[in-house]
Amino acid sequence: MSTVATTTSQDPRRVDLDYAGSERLTMNMGPQHPSAHGVFRAILTLEGETVVGVDAVIGYLHRCHEKLSETLTYAQYPSIASKTDYVAAMTSEFAYVRAAEQIGRIEVPKRAQYLRVMTSELQRVASHLLWLGTWCLDLGGALGGGATIFLYCIRERELILDLFESLVGARLLYGFYQVGGVRYDVPPGWVKTCRETVDLIDSRISEYEQMLGDNPFFMARVQGVGYISRELAEDVGISGPLLRGSGVNFDLRRADPYSSYEDFQFVVPVETAGDCFARYRVRMVEFRESLKIVRQALDGLPEGPISSRPGLKSVAQTRIPKGEAYVRIEGARGEVGCYLIADGSAKPYRMKWRGASFSNLAVLPYIIPGHKVADVVAIMGSVDPVFGEVDR
Amino acid sequence: MIAAIPAWVLLVVAPFIVLNAVIGIVTYVTLLERKFAARMQSRIGPYRVGPHGILQPIADAVKLMMKEDVVPTAADKPVYNLAPIVFLLPCMFIFATIPFAPGLGVADLNIGILFFLAVSAMEIVGLFMAGWGSNNKYALLSAMRAVNQVISYDLPFIFASLVPVLLAGSLQLGDIAAAQSGLWFIFYPVIGQLAFIAFIASTVAAENRAPFDILEAESELVAGFRVEYSGMKFALIQLGEYAHVLGSSFLGALLFLGAWAGPGPEWLGPVWFLIKAMFVFLLVTWVRWSFVRIRVDQILALSWKALLPATLILLLATAFVVVWRTNGGV
Amino acid sequence: MAASEVQTARDVRAQRDARRTDGTDIVVIVRTILSAMRMTFMNLFRKPVTVHYPDKTRNYPDRYRGLLALVYEKDTGEEACIGCRLCEYVCPPAVIKVEMLKSEKRNYAKSFTLELYACEFCELCVQVCPTDAIVMMKSFDMPTTDRRELLLDKDRLHAIGLTYEQSWATGNKLRDMQGPPKQAKPVAHAPAAEAPGKAAAEGTAAVS
């Protein structure tokens, strides 16, 4: 284990439990495990049943996105950008494309902005459905109540993916965005299907809340577990539902509105408890709010072009003038950022992803020690990492 | 008609029939569980193997028989090899005292229910042998926890089963079934329902089924007690588990749901018994597929702090009610 | 706006807190356990969502991005591909290789290879094609046991185009969907074309 970089204990906020005398066991929660989050390796140090140290090892899914983007044009990369956060794929495309538009001062037509908002929120719902399903699967096991909720969530997620399939043609990795707008317009009948799907999902979410909301088994596993204090949350650099579950009222859609988010009415849920249950409640409210935004977008969808660089310009070699920009998007997991340096040619000079899950994983050594082994799974689930974003 | 058959024939043939019937029902009960669980999850269960998956359990059995039997080199061979058998035998013995019709059973002992409870608790030995013999740190840990859990929940199980015994006034299972000819024990006001709920809860936990199956699900991080078993030995352990569940379902149907009482001719009795046992089994399955599991310390806390005192109080209350009724109450 | 929205968030939380307890109330425990079991019970009576593939397939939407194919021109029956290599340049994983064959009236593709095993199915090649030569099908059905069979040459691409049903998307349709078609030569009434909003409103209305 000498090649593993262990985090230092210099930081006074690190929980360093000191058990006198008894032996410590090092256990590897390997890159392949049934906990269904991707390739994550945690080297746990155990004292009996309690975890006293966590060292996270990442990098098993590194695919050199940032170097790859230097060899692809601004028209080619958005399809590849989907693969970072592959669960809510359009978020990453959004960040990249907005960065290019910001440097090049390219206007995005209003209809495209509304379509972007609508698909972003549908992606958020789909991502949270997958989160809920896999979290309950971890908590309840592949044979048992967890699988039931998992299958219900996947059933609803399939409805959203069907919507995307009729809009874009693909279910998981889209290539929907392009510099200047979006690639596809809504087909006839899509708005009606979307409204019906949104209503159906709204009623099903009520069912999930009934199944889980005050369920004593669920709450016994989840309440009081994985407490992130407000100070820690602000210092460590986490974002998204983790931050809002610890009492910090920060949502990029409100703090730094982009793409016409200021036109929409929605509530940003904030909980103060800071444990897994609080983060669960934050995401459950976010479900409903995202569906509200989708309805508002459908009602108010303006007419107009869907791209300010239509036709052959969309796939031509777009030259973005020299400049740099850092653009942030409120993704399903937190702040997804894209830092782009353009040098006047058709390909960026440098592009860096700020992965939401990458920064969220940094909080693990502070909150896991002190819990039992079975709680590690619950905490990982509530942090909701996607390793495409972590390793890029 | 049953009484006209000579006793020695019954002694030899009846266990043979019962054993085979039990094994047959157990294999098909797995299919029933899978289809039921699938329907609760908006999907269909096994469908392709045979029409509507009828041949699925047979396919599973054949597959398990054909699997390679991997034995860890450092395993304690006698203990390791004997553990599945020691686990399976008590789960089969419990069917000995259950009468499937008035007079139709292997051995309707006059301490029938005591035999059932005592023998079903003996599977812990097999369980622990499996954990020990595997020479696997995590298997041993999980086996120790499983033993802990089963012992903790056997006590409420016994107390909940004693409520029908008190109401019927006899330990013999045939008598308990006969005493329900007027009113099934589950319909007794308050006491019957509470006892049934306590019975179901402790049965679910004593069999390591969800939501109390943290031992099986230790495969999230570490392995359960039967990780080192493959092939037919694994099949025997699974058979034992499901036989135990089925046995408890039959016991529950007998203690609370009136066993073979039902409309129709008398020979339909065992069929009704089977249907009621399936109902209890489906109830246990329904609970399994609805809830996430809780941690092992929470499971034990639930048993010792909540379920055991509750069943004790229930038993005392039942005793009072029985005394009050026999002394001229309502 | 911030104050009012935090207020509504508090309202949302307050409503939920009004129903919650700290988990020790026996009535609440029983009620929630029963409601969870009722939910799974209700699902017993819902129709399963399973599609009995491959006996039945689900309905693939019009824009489904399936296999790639080359097509022939409708009127003349000749190959539509003019070997311009635009698809080769735009493909992100660079799976297309084209060689042009020059001819008197029009050009052709001398060879056209597409590595389907590396294809991303991003539809950029379809979007860029000026003659709608490369399109995607509504089917993805091409199972093989050897990956080399997925190295499609021009004949196989044409064969795929004749076998399966074509998706809605072709190059011109995708480009037209995004906005008004660009005029090649400046027209006399140029100021009207400067307002893309108005022209596009008619354009998009006519698209679907």
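To keep things simple, chains are lettered A, B and C as they appear, and every chain counts its residues starting from 1.
Note that a contact is a pair of C-beta atoms (placed from the backbone, for glycine too) under 8 Å apart; a residue touches a chain by one contact, two chains touch by 3 or more.
Computed from a predicted structure; not experimentally measured.
Here the chain at the heart of the structure, going by C-alpha means, is A. A centroid comparison over C-alpha atoms places B as the chain most distant from chain A. Set against one another, A-B and A-C show the most C-beta pairs in contact at A-C.
Measuring from the averaged C-alpha position of chain B to that of chain C gives a distance of 53 Å.
Inter-chain centre distance (chain A to chain B, centres taken as mean C-alpha positions): 44 Å. Chain geometry summary: the mean Cα position of chain A and that of chain C are 22 Å apart.
Along chain B, residues 40-43, 289-291 each make contact with two or more other chains. Counting partners per residue, chain A has 145, 148, 152, 155, 211, 215, 220 as the residues that reach two or more other chains. Along chain C, residues 33, 36, 39-40, 43, 49 each make contact with two or more other chains.
Residues of chain B that touch chain C in their complex: 36, 38-44, 47, 286-287, 289-291.
Within the complex formed with chain A, the residues of chain B that make contact are 37, 40-43, 210-211, 213-214, 216-217, 219-222, 288-298.
Taken together, the chain A residues at the contact with chain B in this complex read 27, 29, 33-35, 136, 138-141, 143-149, 151-152, 155, 211, 215, 217-218, 220-221, 372-377. Residues of chain A touching chain C in their complex: 72, 75-77, 79-80, 109, 111, 145, 148, 152, 155, 158, 162, 165-170, 173, 175, 181, 183-188, 207, 210-216, 219-220, 223, 249, 254, 267-271, 281, 285, 303-308, 310-312, 314-315. Chain contact summary for the complex, chain C toward chain A: residues 2, 5-6, 8-9, 12-13, 16, 19-21, 23, 28-29, 31-33, 35-36, 39-40, 43, 49, 60-65, 86, 90-92, 120-124, 127-128, 130, 136, 167, 169, 174-182, 196-197, 200-201, 203-205, 207-208.
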